[in-house]
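Shown next, in structure tokens, is the structure this report addresses.
Labels run A, B, C and D following the written order; every chain starts at residue 1.
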């Protein structure tokens, strides 16, 4: 299993049956493949519906996910406009949002929408999702391609939202924000605490219950 | 024709073909009966639809006007929720609203929703309608039952909205607010300027074009 | 997807009634009010309620029966004129009444459900409605800052529901119902019919099922 | 009621295009964007446009073709990452781009159409989005005051319209369209079909016809 699939697999274990979930584009879209059999979630798509499902067969006209890609829908789907979509998101009616990150810091700040002067795609729905969802999970590779830390003392890039991240899941570890403190909760198989310290700039405490990363057998 | 019907008949002549109109309960609901043949208006009902029509035959389930009375609907009716209903009203998408008044003053203030300590029905949709409609017409009898003036220098009752009235139509006269000034525009047949002065407390000017009230032949 | 049906009984709902609770109720002159739930609130004996909705109907219809039977401590509403009992109790100082312009009431409830801290409305400027409120001016126009409303429970009247809680409303019975579905900690809808998931056109769903905690079938005993 | 049908031709619409005008456009990654109207804007040669919508699609789809062909002076949008040309022109200083969180964009357009002076949102607090904005705190929570957006014209993509202008949208093509229908001085919808008044279920109408000035049938020449 590569890093992305490992992360998606671990994040999938965070979902509870009945959760309403919004998945960012990229890595998070792999998560439904790894849900436990007894966990059924409802996927919210910020372009205007609840009931996103996998594409089965031919594309359906005007049915795309928030990445603009053809998708499917489950029985009991509901369509709505963008104001209602974000009333649902901002109003706390989404249980979990999973997004990628460029940087997360030890205060729970997330930066994932721009690199000034280089890449300015825009925040899309990310600021509202991170502000409004009950549980914000950042799912990302632990370090940059050239080995730099992404879990920092303080984000240097423009923030997506301040102090909203609840968990960080990487291919090396699971961190949680508990009482405003970054806590190492799980370590991936074959990884040492020293490996994590070496690739993490943020200050964190190791949970007394810190264990091996919980993955399905 | 009694005073109420005379007023409704005169107000009906104010409507232009294609107007979107919200009619208050009571006297204003008589207006559609007096529309010129070539004037078709769309009635907005603040409880949530456009396309209000007369009740033809048996009541239709869950179809009532803003007074809670069974009504009909025309082909091309659209239903919506209360937020949309008032987005339409407040947002200036209603061309004309016609409401009754307890008092109107020479600054264009309207009071029509409460008499402190006596009658406090609440403003319902009136404040939004008077604030948001493009043209606010007050349709009311010229004086109180005991002969007191209702068109005043300054309203003594709590206001519905400040400086929003555009026209006042009574059984005696038509007034218009022009450049912030109350202007007498029309006088009903058989009524003299002195009659109007006697029953009007507000200061007003007489339009150079002041004429007999325009009623259909 | 094996979602269990959200249908419950009046008895199950009754366990959630608490003295002093706040309730958002759908309806406009009782059209769109869940009469069975209101009747059960009355029968349950629950009291000191704060009720929030467009109007207080009449002493013997819609939410009005709770007022006539003195179960209400506070009313937030745009219009109470059709229920003389509301006005009488208000003037006698027996209940508190907060009158809110209808469009502002809709927006305040919408804010409560949408995670917004309020809206700026021109409605009420220059009237007693502005008393005690923050005012902001932009481009020479004054606005009142109107704050969100939420409640412990929302009671809705649907026309057709599916087992997941997706709701449709019928004609003018829609009114405040879809707004209230987002603005309460517990949302229950009384519905004329419950169908299978997928049996309501997804375009026609007016309240997504994730917002609805429970369904009661009209006339259910 | 003898309402005349609101259908017009592209030629009639074109007479309303003006250099420097502002345009609200429906769509999310071009789904729900009226491609025929966008193509006609391009063919008309109109320039210096301000365009407002969720995203700028791609250089050869949706609204993106207007950017690729340099007809746009300013973009107000939540996401431009799928159209490299938008980012390139922005960094080169050739166009102005205002990035707005998607939910805030929806609310600002909604305010523009609903006569509201703005909304208070927690989104963007503590980020660069708050720069230059009025902030209000209630109960210890900070909010940004986000102001309305309106435009000279709104261009919508409908699925089915009736001759009075009542509109329905299909699936995820709804997105910003119903909000924009209230927020422009002139509203035109490109639609796959025009039916008689009364042929759309009144419950299913997503934009009431009074908001729509004109209809263009898809593929009309």
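Methods note: contacts are C-beta pairs under 8 Å (C-beta built on N, C-alpha and C of every residue); 3 or more make two chains touch, one makes a residue touch a chain.
Nothing here was measured: the structure is a model prediction, and the numbers come from that model.
Q: By that same contact rule, can you tell me which chains touch chain B and chain C alike?
A: Under the touch definition, chain B and chain C have D as mutual neighbours.
Q: Could you state the distance in Å from the CA-based centre of chain A to that of chain C?
A: Each chain reduced to its C-alpha mean, chain A and chain C end up 34 Å apart.
Q: Could you tell me the distance, in whole angstrom, between the mean C-alpha positions of chain A and chain B?
A: Inter-chain centre distance comes to 55 Å.
Q: Find the geometric centre of each of chain A and chain D from their Cα atoms only, then give the gap between the two centres in Å, rounded to an integer.
A: 29
Q: What positions in chain B touch 2 or more of the other chains?
A: In chain B, residues 49, 79-80, 86, 89-90, 131-132 touch at least two other chains, as defined above.
Q: Where in chain C do residues touch two or more of the other chains?
A: Residues 107, 110, 115-116, 121-122, 170-171, 202-203 of chain C touch two or more partner chains.
Q: Judged by the touch rule stated earlier, which pairs of chains are there in contact?
A: Contact pairs between chains: A-C, A-D, B-C, B-D, C-D.
Q: Report the residues of chain B in contact with chain D in the complex, numbered from low to high.
A: Touch residues, chain B against chain D: 18, 20, 40, 42, 44, 49-51, 73-80, 86-93, 131-132.
Q: Considering the complex alone, what residue numbers of chain C touch chain D?
A: Within the complex, chain C touches chain D at residues 107, 111, 115-122, 134, 136, 138, 141, 143, 145, 147, 168, 170-171, 201-204.
Q: In the complex, go through chain C and note every residue touching chain B.
A: 28-32, 54-55, 77-82, 87, 90-91, 97, 99, 101-107, 110, 121-129, 159, 170-179, 206
Q: In their shared complex, at which residues does chain B touch chain C?
A: Per the touch definition, chain B meets chain C at residues 45-49, 60-64, 66-68, 79-83, 85-86, 89-90, 109, 117, 119-128, 131-132, 158-163.
Q: Under the definition above, what is the set of chain D residues touching chain B in their complex?
A: Touch residues, chain D against chain B: 1-3, 110, 113-116, 162-164, 166, 182, 196-198, 200, 202-203, 205, 208-211.
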